[in-house]
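Below: a set of structures, written as structure tokens.
One chain, chain A, links the two complexes that follow: it is found with chain B in the first and with chain C in the second.
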Partner chain A sequence: MDTSQIISILSVAIATSTPLVFATLGETITERAGVINLSAEGTILLSAMVGFAVAKTTEGLGTVPSLLLGFGAAALTGAAIALIVAFGALTLMQSQVSIGFVLTLLGADLSSFLGNPFVRIPGPTVPSFKVPVLQDIPVFGPLLFQSDLLVYISFLLILLTWLFFYCTRPGLMLRAIGEQPAAAFVRGTNVVFMRYFYTLLGGALVGIAGAAFSLDFKAGWSHRHTAGYGWIALAIVIFGGWNPLRVALSCYLFGILQSLASVAQSTIPNVPTQVITVAPFVMMILFLVLTSSEWLEKLLKLLPPRIGWAIAQSIHSKPPAALGRVFQQD
Partner chain B sequence: MRVELHNICKRFGSVQANDDVSLIVEAGSIHGLLGENGAGKSTLVKILSGFMTREQGSLQLEGHEVNIKTPADAMQRGIGMLHQDPLDFPPLSVLDNFMVGQPGGLFTHRREVIRKFRQLAVQFNFALDIRQPVGDLTVGERQQVEILRLLSLGVKTLILDEPTTGISASQKDALFAAARLLASQGKSVIFVSHKLEDVDELCDRVTVMRQGRVVGNLPIPAPDAQLIELIFGEELAPPAKNSTCQEGVALALENITIRSDRLNIQVNHLTVQQGEVIGLAGLEGSGQQLLLQLCAGLLQSSTGCLQIKGIDLTRQPYQTYLNTGVGYSPADRLREGLVNGLSIHEHVALKTSSQGWFVDWKGTLKQAQTAISLFNIRGKPDTKVERLSGGNQQRTQLALLPVPLNLLLMEHPTRGLDIGSTLWVWQQLLARCEGGTTILFTSSDLDEIMQYSDRVIVFSGGELSEPIDAKKLTVERLGQMIGGKLHYDSPVMAKRSTKHPAKR
Partner chain C sequence: MISKISISRFNVYQVGSLVIALAFIAGVILMVGGSPLAVVTSMGAGAFGTTDQFARVVATLAPLLLCASGLLFTFTAGLYNLGIEGQIVLGGIAAMIPIRLFQEILPAPLVIAMAITAGALGGMLWGLLAGILKVYGRIDEIFAGVGLNFMADGLALYLIFGPWKKPGVASMSGTEQFSEAIWLPTFGKTEASPVALVIALSLLLLTFIVLRGTYFGLKLKAVGHSLRASYILGIPALSQLLSAFALCGAFAGIAGSLQVLAVFHRLIPSISSNLGYLALLIAMLSGSQAWLLLPIAFFFSALNIGSLQLPLSLDLESSLSGVIQGTLVLFALLGRGFSELNKSDLNKTVNH
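Right, the complex of A and B next:
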């Protein structure tokens, strides 16, 4: 295998992780505000279907308008489902987990039921677009800048989310709300309103992830078209420790592991396929167990303190303290 | 800033937390708000700071009527509050905590904020590392961060709610110095406390609250005796209990250390007789609960030893405590005592299920019915416990305690009960004492402690007094001790305490 082959495998892996980047960043924003939107699986399925259906029916308007409408419809679908979660969790103060879970099932079944007329027909897809100049940079050009607009938007989104979290006032308040809502309230924030806002925003991003599948990386629609990705997205948010950069890197890691698995299938054929397809999941579980256990602490103590501290900082993660908990003022 | 509160009323369920309360705080002064736990001090200042909404009454700042509904309203008008439990964000750094909620544009201009922070910190002599997560700081340092944040927002009235609990002596000095500095700048400070000595040291004037009402307003210095009378009322009920002490030591503690987040408790030596009732007095959270949990086997001491009926139980598992006949009845009945969602019958079954896979529902039903009639519980075997009234929950909890018991540990045995139920509960408890059970109980009702204890231990900020014969207690002495002067000695006590080392 030569370098160009490796680069092409990696670039495909990075590009195909794009829907997961949207979904996981959306979920990260929601969970940082202290709301857990467990419906990602159902949201992605339903919005993938809606996005495809809308783009397909409006195909006559031209590719770009129909795609925009498709993505818009998908985002609205995601926000609408998030609104149900937010209303149930923040206004009715019911269990976020059960609402999310029921919506997962509902979204999945609804997508099959409503999406029936659109199964296995060709539709509009996002055209590829190579960035002039940047695409000629050795290694990085082919790796990052020879795919399509959606991929570049996802890069921008990662950067913006990170900047928002760590360099802006509202971002600081967002982190605060998920940590100690009562203290955020004392500092003059309308906690419930902000939680609504971020739940809807996060839901819209998860919806866009759905359309990113059906209009780009897994173009078309079929029953259970994106099954499994919602759950993976939820796991990656935990894996990424609710930090946008780490979450995005985790998405890429997952994508790379998946494509390595498919390469391995052809290069080492005597290993059963199942072992290879399951490998990424097993590795994630191992990593999670390792980072949340005390072995790691012991291991890190063997390293020089400065390096140990730096590694601990980058691996350790705690969920937002108020995640999933009801905040009631007065 | 001159602050006036007029005729404030606030009710929580059946409790009138503030009943027609008025308070005037002059600009440039430090005003103390003194009272026992549950007197309504915190409620009042939370209303002023917008954290709670009032039901009636009005607020005036500098003579102008204002309406404060949220903390944002209060902040905008220059009222800031330091909450009793730090309301901050433990994983965020000192700097981030300082910045959360600061007005300004989209971006946080860190360099500028750091400069502002340092400038303020120097002014008040607070040494804080801006990069450290506040979760790693002591309570006193977290207060300092919070105070600096409030000041940076231009607070003109600063409310300090029980700020001296859990902080070191030097941090207290720094805090008091800061409060004085603010007062000298013309700001007003409201100092909420239950500690007489702190109010004495810091305040210009004091308002005393009892049971949701203002009972006094005096300039400082004021005679301690007068303040204590205001805080606790004029008289305590006389001890009414005949001694139930019997021969034989039920509980012996030697050189015990209990550590929790906020308190360290040291018990050098304590023995309790069989059948004796020990009342644990003090403000809530002064360490009474920790002692009970230690005796129940739920907490472990890092040093020393604990014996129950002569059996060494130091660092034994909880099960061993149960087998030795220790019963624990927690204050929060629905969280720790009973299981939400289960019926009385199921609770009885839970208690008795020890052998075999299957529950003998017929047998347990009979037991449940017996318990209901014996303990006079207003409910049926299939009534869910959360449906019962407080009194009946307490009766159920008592019914579930095993018989016989050597040691019974009770938190607030009669909290929220009417007089009839209270008398009934104590009748049951004292009957157990006659049978040789030793009782340790906490209560925020001093009358209850006086009436039913043989001896009383007073807790204050994690320190505890020698056990004192209930017959020798006076309101004044109890008040002084609860307020922090544990070693306040009446002449009789002084003689005793000089004797004590000789005995050893």
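Right, the complex of A and C next:
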């Protein structure tokens, strides 16, 4: 395998991780505000269907307007589902997990029921667009700048989310309502309102992830087309330690695992395809188990203290302190 | 007097949420150009029209009841056992082991008993794994469970396409059917097995008794209510959590073994057919009341079987059953929230 082959595998891995980047960043924002939106699996399925259906039916308007409408509809779908989670959890103070889980199943079944006319038909897709000048940079050009606009937007989104979290005042408040809602409330923040806002914003991004599948990387829609990706997105948020940069890198890691799986398929033919398709999901969960358990910490203690500490720092992650907890303002 | 008021208020919200849920479902059916009335008739006929169809409702009822009963233990302990799907799959896989080894050597009833026991052990193992990850690995049981579901699917696929593959060509249709002597006896030529039903009903009864009237049930409740408080009271919380996982896994494993023995007569890739997730909905809707499981599970099972008719009779997707089940549970949860909200408002005004 030569360099250009490796670069092409990596570039495919990075590009195909794009929907997951949108979904995980959305979920990161929601969870950083202290709310778990467990419905990602159902949200992605339903918004993938809605995005494709809207883009397909408005195809006559031209590719760009129909795509914009499709992505808009998908974002609205995601936000609408998030609104139910927020209302049930923040206003009615019911279990976030229960409501999210029911919406996971409901979203999946609704997508199958309503999307039947749109199964496996050609529709508009995001056109490829190579960035002038940047695409000619050796290695980085073919790796990052020879795909399409959606991919570049996802790069921007990673950067912007990170900057927002750690370099702006509203970002600080966002982290505060997830860590110390009482303190944020005392400082004059309307905790419940802000949690609503970030849950909806995060939900809209998860919805865009759905459209990114159906209007770009899977180019079309079919029953249970994106099955598994919502769960993997939720796991990646934990694996990435609720930090936008690490979360995005974890998405790419998953993309690389998937690319390797498809390479493995041609090189080791006696392992059945069906097993190889689930392998990246299993490995990602195993990574999660390894990094978040105490067992790894015990192992690291055996290393020289300085190296062990450095590794522990880079993989250690703690959930937002008030994640999933009810906050009563009065 | 006050309790009477709160009960009637509770009912108002429950009935209100049911009406809204039904309106939502009707809206969804109208959206695809269907007629809600025709759907009701078609699903009714699909579930109860013939003896065969009714038998399939009963056949689906058994695994649903088993899983929902098991889930009551984990819910009572405050756990969301999303790994139940994988626990069913492991039950199915484990049941295949004694069948493959002994089907031609030992008498059929013995092989069947061994298969069900193996299924229970397999499911228990998978449930305990999720529990160990939760208790000792600090992994949320939701993600440990979903991860183990992926692994169980992978394992089933590996066996079907690898070591256990059909002579000739391996396929998604599963392993080769085993000898008819090992099939669980059914009512006539239908899919419903009296053995499966009896096992499910007796374990439901056992669940009811254990949660209502034993010290173990009480301890589980304490742990579910407050992990910290029960620790202070000296209840060994960790072992309670692990036993809840083990019990639920065993129940799900039995369900998996019954799917193999009574329904499919082989291992197929999706042996759980989402029944575990559906059982989670049933347990949620019951509000952890064991006596409510039977009617809800029966109704949900009828919806599942009734909807299979829809593509043929009305050209609608059979996933409508899932839409109906999900909508009912969602609005019931929201309705419960509303009634609790207003109850606490009522208390506040009384207090002031």
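Note that in this section the second predicted complex is superposed on the first by the 297 of 330 C-alpha atoms of A that agree within 3 Å, B and C clash if a C-alpha of one lies under 4 Å from a C-alpha of the other, contacts with A are read in each partner's own complex, and residues count from 1 in each chain.
In the analysis below, a contact is a pair of C-beta atoms (placed from the backbone, for glycine too) under 8 Å apart; a residue touches a chain by one contact, two chains touch by 3 or more.
This one's a predicted model, so the numbers in the text were calculated from it and none came from an experiment.
Undergrad: After superposition on the shared chain, which partner residues are touched by A:Ile268: those of chain B (first), chain C (second), both, or neither?
TA: In the superposed model, A:Ile268 contacts neither chain B nor chain C.
Undergrad: Looking at the overlay, what does A:Ala321 touch: chain B (first), chain C (second), both, or neither?
TA: In the superposition, A:Ala321 touches chain B alone.
Undergrad: Spot which of chain B and chain C makes contact with more residues of chain A, would you?
TA: Here the partner covering more residues of chain A is C.
Undergrad: On the A-aligned overlay, A:Cys167 touches which partner chain: chain B = first, chain C = second, or both, or neither?
TA: A:Cys167 sits against chain B, while chain C stays out of touch.
Undergrad: Mind working out whether A:Arg187 is in touch with chain B, chain C, both or neither, as first, second, both or neither?
TA: In the superposition, A:Arg187 contacts chain B only.
Undergrad: Does chain B (first) or chain C (second) touch A:Leu302, or do both, or does neither?
TA: neither
Undergrad: Contacts for A:Met93 in the overlay, against chain B (first) and chain C (second): which applies, first, second, both or neither?
TA: second
Undergrad: Once chain A of both complexes is superposed, is A:Phe113 in touch with chain B (first), chain C (second), both, or neither?
TA: second
Undergrad: Return the residues of chain A at which the contacts from chain B and from chain C coincide.
TA: none
Undergrad: Inside the complex, what are the residues of chain C that reach chain A?
TA: Of all residues in chain C, those touching chain A are 28, 31-32, 80, 82, 133, 136-140, 142-144, 146-147, 150-151, 153-154, 157-158, 161-162, 170, 172, 269, 277, 280-281, 284, 316-317, 319-323, 325-327, 329-330, 333-334, 336-338, 340-341.
Undergrad: In the complex formed with chain B, which residues of chain A make contact?
TA: That would be residues 167-170, 172-173, 175-176, 179-180, 182-189, 318, 321, 330 of chain A.
Undergrad: Under the definition above, what is the set of chain A residues touching chain C in their complex?
TA: Of all residues in chain A, those touching chain C are 38, 84, 87-88, 91-95, 97-99, 101-103, 105-106, 108-110, 112-114, 116, 223, 228, 231, 234-235, 238, 271-272, 274-275, 278-279, 281-282, 285-286, 288-289, 292-295.
Undergrad: Which of the residues in chain B end up touching chain A in this complex?
TA: Counting only chain B, the residues touching chain A are 49, 51-53, 70-72, 75, 81, 83, 87-92, 96, 99-102, 104-108.
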